[in-house]
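Chain lettering (A, B, C and D) follows the sequence in which the chains are written, and residue indices restart at 1 in each chain.
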């Protein structure tokens, strides 16, 4: 675990593997509630044949929390600085949800820094509907009621079928998360992160993306529904779309083994063209 | 508009058309937040060739609010009394969401009272996932914050595509609903209604249903997703399923004309069998 | 049963109900292999509250067979003459498959003659893929092998799930159809009908359609797949789309009761608008 | 390229990579019309980090053609002998269509010989519907009309959207395939291969499969539709399902790069479990 400094921000990051090797580097961009730690179980496969870089974005995990509003442009610059700090010329990006937005914005702004990208459960734009969902989250956060915040966010993030089947795991997770969700600092961070995503809109930039792109959609994703991912697939020229039946928004938690093999299979194999 | 009394409860109902005619009678069972008034625009087509009966369930609209918890069994008995009160031997039922649960329970308990049924956006059982969603609603209701309650319920009830396309109507609706949602009595009613649905479970009863049944599903229904309606279709022998693309949970509001023609077409036409 | 003459063609038609009544008139446009007789089981519900008109198109059933190639424009003019012959100012049209193409072309050319339209299992254009399927049909027809023709057309027309479930009915149907499919005149008619559909293309005309339109899609339609119907829905402004799970191309045979209630419900009910 | 002998059959196979290395071995099981050569473009990625084994089944490519009917059990034994011949204890299997059936049968009969399996466009059983499709193929084959055979098989194998978009490639392919499809020996082989699949039925065996299994479905697969793959997913305990939108039955040709990364990603990455 290390930290680097961007302006007055301390950013935590973890490198698994050797930066000097010639293995493909993979940078993971977290979903909004996630941190480096969320990917602990993925460390081994992702660093087996690759160099893996995880980091906590501003207002996530152990990175600096701020006391002002910002847009995702800030996260973009943090990511850019991280890559410069690590002297990385070209990386592959795996972004989920919030991280998928950052991934799309980054590859449009810095196309030469990126090789392949994997977009899981993402959108081209934060729609008025998605903004309304976020507004609800933020208003509940303002009540400082951690249980409320848990109840109006987490169930929607998982597919009903996963939730029902793994009800005991969900209960354990609730117990684990409730103290975190009851922390005012965490809630304030969540509000700022949620607000920062409101202006996400890469509709016009999609056509400029030349990178090979894999888009992963969950059939029961109720935050970034399948039609959003179909839109990305139709507008990013070198993209492929796979839909995972009975999977919700938290694809990396619901089907971690599939998420891993989809991402690594896409990044580590030279792609062939028959036509 | 009339009232009838069941035990100490005053139940509001409206009859459109002539109860003595030999037209097919249609009883509408409201969704949880609805009332007789929600169906005003449907009055004409539904009473053109039919006799239409609408009513406010316990804790809805102008019917009695209570000060105790109950199960949907209470709503069943209220419905049964209403039909007896109106001296109706046999009716057709159109139930949406909460009303779909009542419809399923009613036809299983009183099969001889019912001709055809239309089930829109319903479930066979309130799953642990759906209960968790309801818990979130109830905990937010307890904060007495009407705006919060609005924000964490309404956007999820509409499909993103409908919401985005009709953003001005949604804004107007928000303005209209906010005073209602800020009323403590309304919120308390909603909590009791939501709780009453927790024990809904007709899994074992479905196989006994012989009535011709139409099941209407919304492709983007994020409360009672398509798989729930597929389950109903697979377990109710004389049932048909139609899926409406890009439609959410509030199908009667999103596609009122289609909802009308599907319901009336199904109820008013003798069905043919080729095989 | 009656006949009327268009140029040198004798066209068979059947009217059920009274043309002078003020009931809504419904004209059914057959699929390619169909005739008036195919709709016998539908006669009662379709003429109960409506006046029903069925007819055999050129090269179908008992109407004239020709000895030259033609486009669907010929069928259009036959339909137009039929309506004039019956002195009908305004009709509703229910078209399936081949008949859906005629329906779309007709409403674009004669918008004032049509009230509502129901399009089942249709396409906006005969694609190169659909043409290739038709080429296969026609080449097999040229071998004069009726069993071959049956085997390469009929199974694909039904959904696998319907076919498997109703295997005995399918076997009986095969026995019934084999003599017909072995008739050279029938095969020649089929070849001409198939060729006449090759140039169907209303892509540019769809935006001019103002009529209220219901589009019926079968989830397992392997001739005119769901995406074709989604396209129609997205390009016809006053249209609604319903998808029938586990239903194939022959929706009128697979779910006759649903086909009936969808069509009649749509045509016979004034549509309401909430938004 | 090499041959080995099983009874009186000469079986062609190709090994890419070193059998003595400790890389995971992948055996590809062809679709019915395929041969070793069909996978030439896949050779490099599949042998980069793996040892790849391709072979022509009985009646495929350069392996022996026979003059009697057989069941897929014969292909099973040929595969088993090939693995013994190469002294392979444990392999991974990628089977598509016909090859998916062999893969399922093989893993049920010889579970200890197999590590992971990838099932693309497969079925648990040749249904009466699929048998009817095959009957049509075989009757057309009996006419010795190669163009007919091409036209009633190939278009259905590709998704309409792929076919339309790549119409020139399809035309070139037609020119390439027509001489082959006009060869009587090829047609006779196809008839025997098709017949051998008629009795495929592993419904009862699926529950015994413990191997990690990836199931790949094409949304527009009109031979082995998505519901068949959903069935496999629901009945093979350690399985994952991905659906590729707008992809047909020939997934390996329509999305070769995705097919490659899905297969290799699944086989080459240790799978993690969070729950």
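Following the convention adopted for this analysis, a residue touches a chain if its C-beta (ideal position, glycine included) is under 8 Å from a C-beta of that chain, and two chains touch if they have at least 3 such contacts.
As the structure is a computational prediction, the values presented were derived from the model and not from experiment.
Asks: Where the contacts of chain C and chain D overlap, which chains show up?
Replies: Joint contacts: the list comes back empty.
Asks: Would you mind pulling out the distance in Å between where the CA atoms of chain A average out and where those of chain B do?
Replies: Distance between chain centres: 38 Å.
Asks: How many angstrom lie between the centres of chain B and chain D, each centre taken as the mean Cα position?
Replies: Computed from C-alpha means, the inter-chain centre distance equals 49 Å.
Asks: In chain D, which residues are in touch with two or more of the other chains?
Replies: In chain D, nothing touches at least two other chains.
Asks: If each chain is a dot and touching chains are joined, what shape do you get: line, ring, star, complete or other?
Replies: Here the contact pattern is a ring, one closed loop where every chain has two partners.
Asks: Can you list the chain A residues touching chain D in their complex?
Replies: 41-42, 44-45, 48-49, 166, 169, 212, 214, 219, 230, 233, 240-245, 253, 255-258, 260-266, 268-275
Asks: Which bits of chain C are touching chain D when the two form their complex?
Replies: Listed in rising order, the residues are 127-130, 132-133, 135-136, 139-140, 143, 145, 147-148, 151-152, 154-156, 158, 160-161, 163-164, 167, 170, 220, 222, 225, 227-228, 246.
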